[in-house]
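Shared between the two complexes below is subunit A, which pairs with subunit B and subunit C, respectively.
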Partner chain A sequence: MSNQSSVEILTEWDIVAARQLGRNVAKELGFGTVDQARITTAISELARNIYLYAGQGKIEIQRVTEKGLNGIMIIATDNGPGIPDIRKVMEDGFSTSGGLGAGLPGVKRLMDDFRIDTNLGEGTDIRATKWLR
Partner chain B sequence: MNVRIPILKLRDCLIVSIQWELDDQTAIQFQEDLLKKLHETSARGVVIDLTSIDFIDSFIAKVLGDVISMSSLMGARVVITGIQPAVAITLIELGIRLEDVMTALDLENGLDKLQLELEG
Partner chain C sequence: MNTMNEKVANFIHEHLDDILPDWQEKLSGIDEEGSFQMLSADMRRQTSREFAELMLTNLSESHQAYENRLNDFSEKVVRLGWSITFVTRAVDLFAEHIFLVMEEKGFINKDDVRAYVEVFANWLRPMRNSIIEAYSKTWERTVSLQKIALQELSASLIPVFDKISVMPLVGTIDTERAKLIMENLLQGVVKHRAEVVLLDITGVPVVDTMVAHHIIQAADAVRLVGAKCMLVGIRPEIAQTIVTLGINLNDFTTTSTLQRGVEQALALTDRKIVEVEE
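This part shows the complex of A and B:
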């Protein structure tokens, strides 16, 4: 299972596959049920964003170690339109898809570290990490 | 892969227990099935039990919220039961408020609450 660490997001079914992959890795790493739910939900939101806004992209699940801590990193990448106003999408309650997707602020709250890189017309790269404590 | 969620009728209530992770299609199908069943049976209340659900994302929350509003338009009250601690925590952190939604700890409490509501 650890050899398959990414899921291409092309259809709604891939959202399910991505979160199942993430949940399995989180379980293997020893995350408790609440963190498993946080990680699964964050993946679901990021995968849905890709599906809704970029059409296609990829969710990668990586095991990471830093300063003696183990963690799980979700990498969501797409070659979609990019995000014109990051500050706006990081505001609570902002969504351009009619209420679908609680948006990035929610994902940020669910995870410990959150980083976003986006370029108009090129795509978006979001990395969110949860550390095992 | 497209499985339907069974909807049971008990007196004037419908009982739904969601037993597995919902994909988008199943969730939308459930919305339709529940409203049709309400129409067919003239049930006045619905209990949706989520005991077996270990996460809810914004999409599933929206489908649930919508089905509650839609049922209410048809004159039925909905109570959500069995939300697990991990689900409650992630929903709030995610920023989702299921406002004005009747909830109860478990199915039994949910049915009691619904009966009181329907009698009152």
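This part shows the complex of A and C:
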């Protein structure tokens, strides 16, 4: 089963739209307030990364089912510059923009599954899933 | 060409009372959002007459007169909530209908069909363009006004006690707002001679790394002007996400509610609230 919807990230305000969409889907799926906050925060981080580093891209929210578990998957895709060193961006405290450097490792901790595909000059595809337990 | 314009204008003037009801009916047919039918019958009649007269002005009167009318009208239409698709369709329908009536009455005959088609095209093209332009201008103005309104509610520092001020933050914090928060915070601290500032984030829906980063920077800046910044109104779910994200707020005094924050701020300035015994 897959049921998805998406938000194009073009301006800073689209981050809010993506977050709202994620929160609504999470609520419908029956996630509690703490998990809702985790999911929306993760969307916020991923959407902001798109806005800051790729300029534009897309956040998709997908309902997923696997091994009898329901979950929500955030798919963040862009055609931006890609990430040169994945190991480095997954380190806490590493930032190229003077931020806190907690974004991607933070998202990984906020969610259950985390996968990142990136090609230099082609773009980045990040999928993060949270399962409903 | 001008004489032909006048001919068309005169024709419409003469037959306006016949044309309007039919046109209104057609308009109801394309009104998917129900914004036209929602109006009272009187209002419908009046608005469509205004619309028709506007189109006539474009055909027969000076350009200035037309622009003034267009601006008034588009503002009105935006207020009524008509979509731009509906308005442009309405223009097309009006022209189509008039053309039809003209043909029926034998006003147009085979020989000058081409010439009239041209008159119509020259009449409608600038009209459609200017409607779209006026429309987007009205929207732009609305948006920029709302932006100003939003900024006004954005971030104000409220002195609650001597030496203690509170800044309640409500809603999403973006880059622009973060700047505003910082400015107002610093100006307010100096102006109110605050020693403790409470940043209340009860109304902030999501605290991600960027929001946290801005808050930390603001607190550092407050420290530089000689005051202490406390973060209050941290909801349980926000506390959990902050910890999971690995954001370090150890340099802050933080509390769950504004009330406890005020108590602590009073303690910091060697005061407390006591009940008065009767």
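Assume the second predicted complex is superposed on the first by the 127 of 133 C-alpha atoms of A that agree within 3 Å, B and C clash if a C-alpha of one lies under 4 Å from a C-alpha of the other, contacts with A are read in each partner's own complex, and residues count from 1 in each chain.
Operating definition for what follows: a residue touches a chain if its C-beta (ideal position, glycine included) is under 8 Å from a C-beta of that chain, and two chains touch if they have at least 3 such contacts.
Fair warning: this is a prediction, and the values are worked out from it, not measured in the lab.
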Side-by-side fit of subunit B and subunit C on subunit A, or clash: clash
Partner chain(s) touched by A:G22 [first = subunit B, second = subunit C, both, neither]: neither
Subunit B versus subunit C as contact partner of A:G80, first or second or both or neither: neither
Contacts on subunit A seen with subunit B and repeated with subunit C across the two complexes: 12-13, 15-16, 19, 33-34, 36-38, 40-41, 44-45, 48, 92, 99-103, 105-106, 109-110
Sites on subunit A touched by subunit B in the complex: 12-13, 15-16, 19-20, 33-34, 36-38, 40-41, 44-45, 48, 92-93, 99-103, 105-107, 109-110
Subunit A contact footprint on subunit B (complex, rising order): 1, 21, 23-25, 54-59, 61-62, 84-87, 89-90, 93-96
Residues on subunit A engaged by subunit C in the complex (per definition of touch): 12-13, 15-16, 19, 33-34, 36-38, 40-41, 44-45, 48, 92, 99-103, 105-106, 109-110
Interface residues, subunit C side, partner subunit A - complex: 172, 174-175, 205-210, 212-213, 216, 236-238, 240-241, 244-247
